[in-house]
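You will see subunit A twice below: alongside subunit B first, and alongside subunit C after that.
Entry: the complex of A and B
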């Protein structure tokens, strides 16, 4: 199913949009001996029920830190987390550890990049699924086990009773990743944060896992924040895309529009540096330079040293978010007045 | 392997000490003061097989040196038998019996079987070594268990929470580590009041030993936890809302278990030696309870050693036990070492 048809379908299904998560001006700064590191800087976005939001960006641009900030797992004494994270009417910033534990795993759960290291090698996967289930759900052991096995079956794991009592090292990465998805699902959370869930997998397994996640997302109708650096997977799963660069969101767009009409020069750069058939025999286009280190951010727009269209203004002033089209947002001075083409 | 076998034997003997010992370890026998180890013979004067037996001893003083000398009275033999009735005791503190594994069916006034001789009260050194092992061998186990327990928890807390907790705990352990060991032992051992009954003193000594022994474990566990907590499964557990204490006890400490087992085995000898040291210096286990260190105390002076060398026997036991634990510990360490190259035969 293409992303656009999915969008239309969703529009028909839910007339009333329920906003489930609102992040406003989120700042996550780390105090280090070298100075303040602005890992996430004034990031704002929202997530509606049943929606898949993709956070896209290169390594080190603050995607994962954003996710951990939502979960309150950024170690707070060395880090400053400011702004507002509102989850179904509850302000998450400053929430007590006990209340936060009620939300973590129960209402917001997470799928990790490395399935092999996300399980404790000492316990069976069943035990670890049970640990999550028992921490949050009012089930006794027998019921929890039955539910876990049902969930495993729902994600097409063959012979779930046998898998239940196996250790992580007895399984393949793809299998473990699916079990991790089961772990995230077992408490039927409102939001699943998937942090590059397919990066560590083989391409064939990637497709399987992506299909599975799409299927589950359809069936469970939960919301998902999908973190990735792979634009290909974005096109497959996401409804909306936010492109991050050096701790900031530089562009917000519905998925189809992003691919057809990228507004920010960085997004354009990302899209043109994908492998395409037309480039056969030539070297791939790429964006000059590297993502700046979070403790050595340039003044003004953070992208300007690498931007082919940088202006004087870009070197001194940070661009705010402009909205040149409905449902679009772009943090670039080119779009200050009308068209930035 | 040999180490393990020796240890098994030592601990079995320890459990059955009262039964194997031919005499009560506190019983004094004034006719056998400083008696040398009795020779157990099988053939009599005429070379006839008589089964195991001993000759009764008669005591006299050397008219020149004025030392006690024991001469064998060869006129009659006293057979050594298995399962002879002797003094009453409770086997493992449960079954009342008077059977001993071996001994002579004769009053200790006239004949005794003393494999390691007797001390200055005429007490059987063999029996005392066996009973002493109950203290010496369990002090090692208990003390190590306690110190590894403390060390693992302190180290895991320090490594998991990091920051100020970590700095505080680490400076504190460094402070404790920088005290010289033996004076600290002695200082702590002095706190144990002399009026305490001997079982209390025993636990006092265990506490003293483990209070000083946990720092090394804490340091290494902290280091391991520092690396473990960055593993994704810890983050995953946090994300899934597992409480911190449960993460520490269920995921972090069990993942350091292979190290803990090795370090325990390797630190038992230190504990045994520590107890021996304290007791040897007279601040540990007190009479009438006994331990290998306390037994060695009698062998303190050179003249004593010269005339009664069998009083050194407890020292041999300490050496054997310590070496065995070291061998087993080394073997365990090699077994859990992932970098060990496997030799294919």
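Entry: the complex of A and C
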């Protein structure tokens, strides 16, 4: 990819940022027998070229549904997908299936969580990689195979020719996850969405895969949306972080600021939920209560029943996003006057 | 007081194939594991998937029959029983009541068609704790309160609860018969981070109250450290290192333990450390383990002997055992000097 994108260094913006994805007021609602489930509710964010944006949150916060909505994988109807998702000037919401296929898998690709279930056990991994190349790239089969093997080599898969003709069951989870990364890379996409790419892996393998993803990030200068529940891995890979809770983004921050100066009580709760060595022999700090079910969301701020600093206002009125510092956003009434400490 | 002593425990699973399902190989899940459980003490077992930590837990509760080795059970009256082969009838009821288990996934471990009352009543009724059903129901209500739920929840079904609440129910069921040993196999891995700490605190509180022993199996080093008095590090069915928790964390002796600790993310974006992790490769298959030390193909400090001889565990400090040729050499040199 072009050298100009090298301008963007971690943490600080250069003047020539190139915005490639803008999501505004995205709503993804599902109709269920229990009622309307607001999985993603008025979420807005953007992604610049060459950066890693982490979407962090616990189960049911809407982080995966956000990804699926961007990729047009939420079927609407029956689901309700509203708002605006603009990718390089193209509006993705309402885009026809044929046009979407030009973008999905080619310009925006996805790495899924469970490598063992994301591959078809009946075909060799080479065949499955070839399918991607055939669908999106103008290469003939010989060229495609050569390029696939090059990609496998680039991500340090030993003996790529042999691996090409193996079946998924012949490989370990870590190896398959690397193959899936290769699959996402074949088309040189502009955006890679990685949904919990290391959650199913062991720590030593997780370290290898995260290192690989960072290396590729540096070499290819693509952008990445990194979805995870694990703040530890966020600290290792992200440039900016958006924290989600119950379908809303509650905090937006550059990664260093998020860890050193969290603004939202939920972010603070997540950071203090880390099991630190100092706590040995004591009770661990924790967030009271449980994540609300998507069909029983509380009134007002969705975090208020668990929030140690909830005020009367929080119980009735949903907080908008305040920006008490440059490059920061926080949806919490504490910051309405500019200082919530 | 001792509850369990495990010596040289081995568990091999046969691999059968062909029309006649002949045994064509073995999955060597456990190779020569020693373990002692004292009353009130928590032993943590840590290792990556396939290291045999769950097999160890399940062999100890007698879900699996060991292939070789011995398991000795000390009952509450101080009698000693050899329970390596099966469970002799005279200890069966005592042992089954005395040793309980909490499983990883509370979505699978609770029967969706039973009410919470029936789920918790099941072990109570099996062991005939109460003659009067009303008293038993009151006891169930008390247990629910103890694990941080409401007695009214007894009438509900598992699907009405979140993951953390279900794990509380599973814990209530396990402690209902007042076991002296509770085996927790990844009890917080399926839970959200904000809920994980609640469950850990609950287990610690219950242990303080009842003085039961815990075997805490997890892949999460920080959680194991918090829970345990003593930690065992496993790799491919072998115990590579075992030490008091603080000693293991302050002075990890085995190269694998060191690598495992280095691979834990820093939580500090100013100091990203995973780039420095130099551990290559993946754990080998337990069907065809490498000769010598199981860790040698990935070990950055490999010696010539490592691919030939499995190192014996040596005591590098009091109660701190490590099975590594490099460490053994160092220790021997120090002892001479």
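Definition applied: the second predicted complex is superposed on the first by the 326 of 341 C-alpha atoms of A that agree within 3 Å, B and C clash if a C-alpha of one lies under 4 Å from a C-alpha of the other, contacts with A are read in each partner's own complex, and residues count from 1 in each chain.
As a working rule, a contact is a pair of C-beta atoms (placed from the backbone, for glycine too) under 8 Å apart; a residue touches a chain by one contact, two chains touch by 3 or more.
All values reported here derive from a predicted model rather than from experimental measurement.
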item: Which superposed partner A:136 touches (first subunit B, second subunit C, both, neither); value: first
item: Which superposed partner A:169 touches (first subunit B, second subunit C, both, neither); value: neither
item: If touched residues of subunit A are counted for subunit B and for subunit C, the larger one; value: C
item: Contacts of A:118 with subunit B and subunit C, given as first, second, both or neither; value: first
item: Contacts of A:211 with subunit B and subunit C, given as first, second, both or neither; value: second
item: Complex contacts: residues of subunit A adjacent to subunit B; value: 71, 73, 75, 77-78, 101-106, 109-110, 112-114, 117-122, 131-132, 135-136, 180, 183
item: Contacting residues of subunit B [partner subunit A, same complex]; value: 162-164, 231-233, 235-243, 246, 250-251, 254-255
item: Of all residues in subunit A, those that touch subunit C in their complex; value: 58-59, 172-175, 202-208, 210-211, 214, 229-236, 238, 255-256, 259, 269-270, 273-277, 279-280, 283-287, 290-291, 293
item: Footprint of subunit A on subunit C - complex, ascending; value: 48-49, 162-165, 192-198, 200-201, 204-205, 219-223, 225-226, 245-246, 249, 259-260, 262-270, 272-275, 277, 279-280, 282-283
